[in-house]
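See the structures that follow.
Each of the two complexes below includes chain A, the first together with chain B, the second together with chain C.
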Partner chain A sequence: MRKISISDKIGMILFLAPAVILFTVFFVYPVGFILVTSFTEWDGMSSPVFVGLRNYTTIFKDPIFRLAIRNNIGWVIAGGFIQVPLAVIVALMLSKKPFGWKALRTIYYFPNVISTVSLSMMWMAVYNSEYGILNGLLKILGLGHLQRNWLGDLHTAFYSVVLYGVFYIGYFMIILLADISSIPKSYYEAASIDGATKIQQDFYITLPMIKGTIGTCMTVAMVYGLRQFEQTYVMTNGGPANKTMVMVLYLFKKIGDFKYGIADASAVVLLLIGSLVILTVKRIFRTENN
Partner chain B sequence: MKNVLMHKVDFKTKAGKVLMWIVLIFFLFYTLMPMVWLVISSLKTNTELMGSPFSLPSKLRFENYANAFKVSGLGILFLNSIIVSLGATFLNIMIASMASFVLSRFEFRFREAIFSLLVIGILVPINSLMVPYVKIINKLGIYDTRFALILVYSAISIPISTFIIRGFMKTIPVELEEAGTIDGCNFYQRFFKIIFPLSRTGIVTAATLQFLYCWNEFIYSMLLTSSQSVRTIQVGIRYFSNQFTTDYTSMYAAIVISIIPSLIGYITFQEQIISGLTSGAVKG
Partner chain C sequence: MIYSADSADKYKERGGLKMLKRNFAKVLAVVMILSTMLIGLTSCGKSAETQAQKEIEIKFPSFWVAKDSKAKVMSELINQFNEQNKGKIKVVVEEIADYDAYEDKMKSNIAAGTMPDVFIFKTGAMAEPYYKSGKLMDLTQYYNDGWKNDFLPGVLDSVTYNGQMLAVPYEYGVAPALYNKKLLAEAGYDHFPKTYTEFFDMCEKMKAKNIVPAAQMTGANAWTSMLWYSQLVVAIGGPDVYKNGLDDPAFLEAAKMMQKLFKYTTGDAVGATAAVTAGHFLNERVAILLNGPWFIGRIKNEGINNMYDNVEVAPAPLYEGGKGSEGGYIGFVQSNIGAAKQTDKNKEKAVVEFLKYLTKPENVEKLSVDSGSLFVVKTNLKPKDGKVERLQGEMIEQMNKAPYLVPHFQLMVSPSVGTEFPQALSSLVLGEKTPEQFIEALKAADKK
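Coming up: the complex of A and B.
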């Protein structure tokens, strides 16, 4: 270990300070802040009044919040158990380097660089009941009886908001594909000498080797499912009849009502569920080396 | 990697190939079709759109694009987004690379503790911190300014940027820096003249991801600004349906315009984005 001179020490403190200060102000303090104020009643102006667990009992009795939690679980499942597995399948396919795989990789990633708001506006046009492409497609296919107002219908609104993004697999596919290409080629050569087919190689070599990365992708997808806001806010604003409500939108609406204590209690619930999801996935996908 | 038993499983392989292409083409269509449809629709008249959503326009209506700029005030929205995104990218990258320099090139107590704490920040659901952010910004007296957004975006991305840049700086050989010390470079010169330029690949990666994040961010832009003069493009898009009311095709033109910068940025910096995603997730 090299001895650090005094002037270097001063430099180190100066260089580290901005990051540490901003991190403290925008991460540490806010998390502490919502933990404390979730036990108070306040409107953002007057000083908070301690009310114990009342905010928590209020939100858990609120059927809208319960519906929001249920919907968030739907989001988490769609991200972790549909989107990521689809990404794994496509990554396995592209790892064989079929014709045009680089172009496909580039195109599949397009939706990830477009803002969620723009994509949501685009899909509102797709789902539009009068001139949308989805109803138009159903008509052409002779399935006209299935036509409906997708985002206004109580039965289809939630699925319409959630599902369009599930098939945008580019982000996870790129991460998985990079991990697959880092597996030593010799493993596959040995396997094919032993007579393993490509599918067997996928199952017995590739998948176990990328297990850790699949876990990371699932964590990211699930955390995204929990903090989801833009899609719902833009496409339905929680409606019809709160059918598409999610926790962050609930929190947002409580801020609008100046019920800051309740907003912070729901933020704490969100943080707790988030930590739980992360720890569970970590545990399931723990690999030998970490 | 050629399978030596290929001839035995010929039929199976063929069926597999067909299946594979069905899947790949499905995702290709799914990704492109709505976008292509949006572009085509943005070049039609509203009557054409209502009458036959799938048909090609009888004549390309570029006036929809001129109209989009006029009705939505896209010019100012664009300008604000550019100022905020560039400002927040510059500030974030400076702060993160300075911290990365200390966290990667020196050994001291609490180094790993500080780094781990910073990295946990990547997984915090940032949307849950709306109330404290509003309060902090109000306390600082910068509510409804572009600087509020620059500050918040710079802070939010410190964990991810530090993670990427530090990973890169760690790979620079110590000898290069020691040579600098012998030549009489002090702490700051070693950073600005040696380490920072040598880390540019990692820095460009982090900067590209940060720029895209800032350009596309919505919730805090909506929450922390209120006047039209500082509004960013994403918040602007949200109001398109009110502004354009029944002029759908001009609205589509405006959405297309808002998407173009992201796509150009992506295509230009594709390699960096892909390597950033890879280093960001695989090592984590």
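Coming up: the complex of A and C.
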């Protein structure tokens, strides 16, 4: 093996330095800072006071935080096990290039170029009990008894917020579609000669070939579920009765109450759960090459 | 670089293309570093240039922009200030139209140690962390120079912390009932009910006529409903009710009344935001809205069917058997203007000059007349003197007659209780919590 010269080493250091510095300043330092301040009582303005594990016991005793964890798990499941499988199905269908597939691809992807806040506002109007299209449709269909204040009802608020997010599959669909298009055509031709149907080709060629990408999509969807904030903040602000509370919103509210120590403790818990989810998904979708 | 035949041979000997790539990488790295340094030097040059001009820039993030009723005159005043101080001081406004987003940004800035030169913040319990931070400019010496004479008596106490006067109290808020007399007339009422018994009778009659009596909300900070609750707490427990904290039975009784009030509101009240309640009132979908003088501008500009002419103001009803008195008002310093501590004395003076300019009686008069808002600065405005807007005049008159003025609930409790209130209220009105559990939830939030 060739020995690396000193001038090469300097060159490598110079090239790596910006990335390492940025990573340290914008990731390592903030995470370390959050970890340290999570053991303090701090209002964000005065000096922090060390309180040991008190913030952690406070949040785990708080039923609202426990509910937030449960809701985040709901988001993770919805993202990983409903949104991504839906994206896989649509990507498989569009990969066959049916009539109008390009238009459909654009339509499915379109919501991804609109801000979450705008989409949330639109869905708030859809769900509105007084003039919302959903209640209007139910009335037209003779299902008036099902009309309700979807975002203000204890039993429907959480599902209403999650539901709208789950249907926006465009981002994952595009990634999967790109991966499917990179599979050599000869595989399908050979399978076709052997008499495999389109569905069999999907199950025995396409899905195994895009397994790694599905894993990546699931990781991204689940992590998004864990750091869910905008939709909930705009649509319900965690209400009614904290029924739609999620961890990021919880810590955001604690910052609003000048309780930075508690907010940071919840951020650490969020980081730990996030790491656990990523490692689990990576383990499940580990491929032979990886 | 010019290569001779000799150097080209040497070049080949050294390894040709690989060598070139390696050298190129090194050159590129050096160029990148030099560029970064040059950019740094350029910005240093710019700041030196700025200093040479000696124009002091004051950064002022503001929510008195966009649709806010004070936006127009505030912008005119700042432009005028900049014009008067051209080359010396320049106020640069950062527009943040959303109140909650504004507050969050200020808190984050302060935590990060990047407090803006001038900014707006809440009063009461919400102001305490700002005072405690030690990052606000001490304005005591400037107030003692005669500036304090511009303010209404007693209001400067609210910005005094550990003997230091740390902010400028500015906007004053009252929260009476704004009602649409046309809708009340349809239910057979030519006046606003004086007591809650009469009020609920009227609600029943309105309901029978398919008129929604009052706007309520639990979204965001539950503003309108929080004002109803504040009014009820004082009407039941009297003006000193907050001295006993949440243990006072008035808080529980008021919670029971809130459950009743939510029976006479819109179907989207749970989860509704202030924008939704305002929309209902301005579109004549509800007859009553508890809100402050800053809302008058919107009634004028956005109310349908010339509704402004149909809107009247009244104190909230009296609770029979309660310790409150007829005509009692919710009144509070709505906003403070704070300034960051400055190391540069000249900048400190410039900031104070701007603050004094904002509180000049003639400027405050302009703001008040145009927006309908009230301020804690003494002006020559009198109700019914022709300059004061009708609804604003009525509010001032009722406020002057009020047996007491008590701040609203959110200002009198800890920030945690204020944050929990909308969630606890939605639990209460949806039947998930009893009034007793509602109070317990608020107490629990206080301890967290």
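Note that the second predicted complex is superposed on the first by the 268 of 290 C-alpha atoms of A that agree within 3 Å, B and C clash if a C-alpha of one lies under 4 Å from a C-alpha of the other, contacts with A are read in each partner's own complex, and residues count from 1 in each chain.
Going forward, a contact is a pair of C-beta atoms (placed from the backbone, for glycine too) under 8 Å apart; a residue touches a chain by one contact, two chains touch by 3 or more.
What you see is a predicted model; the values in this text were computed from it and never measured.
Student: Assess the superposed three-chain arrangement around chain A: do chain B and chain C clash, or do they fit?
Tutor: Overlaying the two complexes on chain A (C-alpha atoms) leaves chain C and chain B clashing.
Student: Is A:P111 in contact with chain B, with chain C, with both, or with neither (first, second, both, neither)?
Tutor: first
Student: Contact-wise, after the overlay, does A:A125 reach chain B, chain C, both or neither (first, second, both, neither)?
Tutor: First partner only, chain B.
Student: Does chain B (first) or chain C (second) touch A:I193, or do both, or does neither?
Tutor: A:I193 contacts chain B only, not chain C.
Student: Which holds for A:S7: it touches chain B only (first), chain C only (second), both, or neither?
Tutor: A:S7 contacts both chain B and chain C.
Student: Once the shared chain is lined up, is A:F15 touching chain B (first), chain C (second), both, or neither of them?
Tutor: In the superposition, A:F15 contacts both chain B and chain C.
Student: Given the touch rule stated above, what does A:G256 touch, chain B (first), chain C (second), both, or neither?
Tutor: second
Student: Would you sort A:Y171 into first (chain B), second (chain C), both or neither based on which partner it touches?
Tutor: A:Y171 sits against chain B, while chain C stays out of touch.
Student: For A:L154, using the defined touch cut-off, is the partner it touches chain B, chain C, both, or neither? Pick first, second, both or neither.
Tutor: Second partner only, chain C.
Student: Give the label of whichever partner, chain B or chain C, reaches more residues of chain A.
Tutor: Looking at chain A, the partner in contact with more of its residues is B.
Student: Between 94-102, 166-174, 382-390 or 418-426, work out which stretch of chain C sticks into chain B after superposition.
Tutor: Clashing stretch of chain C against chain B: 94-102.
Student: Where on chain A do the contacts with chain B and the contacts with chain C coincide?
Tutor: 7-8, 10-11, 15, 44, 130, 252, 255, 260
Student: Which stretch or stretches of chain B touch chain A in the complex?
Tutor: Where chain B meets chain A, its residues are 1-5, 9, 12-13, 16, 20-21, 23-24, 27-28, 30-35, 37-38, 41, 49-50, 53-54, 95-96, 98-99, 101-103, 106-108, 114, 117-118, 121, 123-136, 151-152, 154-156, 158-159, 162, 186-188, 191, 212, 215-216, 218-219, 234, 237-238, 240-241, 248, 251-252, 255, 258-259, 262-263, 265-267, 270, 273-274, 277-278, 281-282, 284.
Student: Applying the document's contact rule, which stretches of chain A touch chain C when the two form their complex?
Tutor: Contacts found on chain A: 7-8, 10-11, 14-15, 43-46, 58, 62, 64, 128-130, 149, 151-154, 157, 236-242, 252-253, 255-260, 262.
Student: Note which residues of chain A are touching chain B in the complex, please.
Tutor: 1-2, 4, 7-8, 10-12, 15-16, 18-20, 22-23, 25-27, 29-31, 33-34, 37, 44, 89-90, 93-94, 96, 98, 104-111, 113-118, 121-123, 125-126, 130-133, 136, 140, 167-171, 174-175, 178-179, 182, 185, 188-189, 192-193, 195, 197-199, 213, 216-217, 219-220, 223, 226-227, 229-230, 234, 248, 251-252, 255, 260, 263-264, 267-268, 270-271, 274, 278
Student: Tell me, which parts of chain C touch chain A in their complex?
Tutor: The touching residues are 22, 25-26, 29, 32-33, 103-104, 107-108, 110-111, 129-130, 132-135, 218-220, 266-272, 285, 414-416, 419, 422-424, 426-427, 430, 432-433, 448.
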